[in-house]
């Protein structure tokens, strides 16, 4: 029998499964950090975690309080400056996976973390801003996005393109000269979406246990495409759930 | 009574006297390294020595075998990469004195360390090349040059401008946009030369004990200007000579 | 060579109304004590520069010290919004604030150019984002060898940079270790600098992952033990995570914020 | 992730005829053992790149492995000339050698650009020197913000970079310390890399002034104890200063040189 779990837990577990031993992952702030730590502590002990704070190969055994947590420096193979982490490590395309979250995402997986509202100078909501995301989204070989799916977060067009997914559709990344291949998968609390190989449009390919395609559609601000081969995500294992809860319980301890 | 000394010893001692406590000095390869070590061990213990190998604030107690000697790293306040020493430390004009040697120097204190002969592709003598000198000569607040004075080294025009002194004369450094003020003094085994404030031409301002202006003129490939206030260099002190000889005797030990 | 001074004398010497001010620290070693002293000294019209403006910049903005912010990520790390920052942007309270917004990669390279004495830096960045249209300091540049078009950003050369470090020796050489962000570049890019330290020691025993800033490269050093609180100083203190969470409630309301600042900053005697 | 291999297998895997090859080391940690293996494997038509070509490049040039040299200072440090280098330039013996000549600042920035994935670097350099007329890879570039004209140099992105380091762990993470020159940048700029090390250890205890190259950033690691001789490996060996002096006599004469190479390099069994 599987233990009960929340949709947030399912989302984090599904995101963690995107990382494998040997994967070099640039870990963005927020949800990705939890998922990356979970992956390293469970199925992918040899994942290489890189944070924009300059820690290469960090091995956090608890959830970092921020991407500049001391545990990242103490356990890292190397600590470099912030200019170096962007110039020597991210920019040349050495990173396999960029792991990002977002405040808004659109059908072409463009990401907004800057402002809500159409007037940049007079926003409805001022968000934190770009951070490392634009260049992570541009230069990593591929990108994994994790965020909760609601009508506010899944919008037809983001109010502000902070980080480019597929721009306005097929061929845009190549036209812009972005070296990475862009978002490979988006993990939400409802399911898993991947870009359609032809249209680049995000398509629901898996729903988490207990959710339906209709639930996901109702939380999406455009007519969400659903794969004819829609799968159901494996629920969290006992180990995944136990470790995730232990990590979250000891946060800040 | 003053001990007997060689003209090379006088040259090194006179060069060492150019450095003072608190002076930040970029030490070039060769003769400058000996003079800088002598200065630090005698009159200027708080001189800050910087080497292009990336050692900042090195405190060698013996003569380094090269500008990449381990003693420089072991005694330095910081060891940085070679790109950093040029970009963060030399280029922005943080260095007071650039301390250089040369294979040829001309009347405007331009320096050649590249080739002897007029055809770069088929040189009479292939010299080591530029190393750090062009940018040391350009960016340090001022430059001190130390080299032996002969008809082969003191030439009317250098065969190749590796590092700019005063170019073709007054105003050239400004026209070229070089931030430092250029050579302040040239120390040889005959005496001390400084650029004329109006013409920028190297002018003999001091002769070492035992040399005359005529000796210096005879070792110079252009009609050497001599200051009307020609001085005589103070001979090496007992301490300077003792320390210099100890340093040279233990080289490589 | 750096001069060792008191925190209040150091701030008075380096920070003036209208200055472009950098205070850096990437979660680690954030110079809170120095920021509080700037607020107490009543500085105005500052252009604040920081990759990750967080609580200390929220406080400076909320107290009306700033007229402009140059930044790349403004949030309360691990908690959420910066309410004083948002109130300034969304409602111009207490003053309107002008924004110059970049990415981390761009900001890091702007400091790097400043530290290198160059007027600009080149990177692969911003392409396709809406930042380009909002920020005049993002332009393109063509490689003179390959013809490839890249992005250029101008150097940051602030009037003053302030950072916090673990320690200094009596000559003013500063030693820091752990996550060091862009602190070194920010100091080297500035016309003047002040480094607050946990302590002054006789000699700087080597530390893994250390960076030493030689005395000749900085202007002032001031002792400010615990000066990074509520952030941390590796080897000296832990992050006061509870405070970051509490700040959310303190800063949400203007009056609560002003009262907190009055009690915890304005009425505190400046460090000796 | 880097693979741990024998020196001879590693050289065979990374160095091919016609390659652009970088071997760096600023007096310290010069990869002599690797260079000797390249000579034994009979590589030809190499473009050799190095800021300070010294004895090992003198040997490669004298043995006819190189057709071009990209460099900034070619001498026997503390001793004098490189006679094989001079003989190639002055007399085309054993082969003519094409030169691409820079300053240290330019070469360092060319590696930096390569490591950064950029096609060029910007610096203040070369202005007024005769290098500009001789070297096609020195051009000017205009700041898009200030209009100032600066110097540009193209990135170095060699086929292969080889360096020597103190040690590696069993996963192939490499640790080095002391004077490290441009080794890190040279490795990161290359398509392939091989790092020879004094030893492989279970864990890399932190060292002052260390640089760690993570395993995922390199291609091969090979054990070559004493592989930096006659240069030194800080913490492992001292510089064999006498050899640098002896080299002057050995290398001055073509036959003496060839005899020495035959006895001391060609007839030595490749490292296992």
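Remarks
Order of writing sets the chain letters: A, B, C and D. Residues in each chain are counted from 1.
The rule we apply is simple: contacts are C-beta pairs under 8 Å (C-beta built on N, C-alpha and C of every residue); 3 or more make two chains touch, one makes a residue touch a chain.
Just so it is clear, the structure is predicted and the values come from calculations on it, not from any experiment.
Under the touch definition stated at the top, chain A and chain C share these contacting partners: D. Counted by C-beta pairs in contact, the busier of B-D and A-D is B-D. Separating the centre of chain B from that of chain D, both taken as means of CA atoms, is a distance of 28 Å.
The geometric centre of chain A is 40 Å away from that of chain D, both derived from CA atoms. Taking the mean of the C-alpha atoms as each chain's centre, chain A and chain B sit 57 Å apart.
Chain contacts: chain B has residues 87, 91 touching two or more partner chains.
Looking at chain D, residues 117-118, 123-124, 184-185, 209 sit in touch with two or more other chains. Pairwise, the chains that touch each other are A-C, A-D, B-C, B-D, C-D. Residues of chain C touching chain A in their complex: 26-28, 51-52, 71-75, 77-78, 81-82, 85-86, 89-90, 101-105, 108-109, 111-112, 123-131, 134, 149, 178-182, 184-185, 209, 232, 234, 238-239, 241-242.
Residues 117-124, 137, 139-141, 143-146, 148, 150, 152, 154, 206-210 of chain D touch chain C in their complex.
Looking at the complex, you find that chain B touches chain C at residues 22, 24, 48, 56-57, 77-78, 87-88, 91-94. On the chain C side of its complex with chain B, the touching residues are 1, 115-118, 173, 184-185, 188, 211-214, 216-217. Looking at the complex, you find that chain B touches chain D at residues 29, 52-55, 65-70, 72-74, 79, 81-83, 86-87, 90-91, 114, 120, 122-135, 138-139, 160-164, 167, 172, 176-179, 252.
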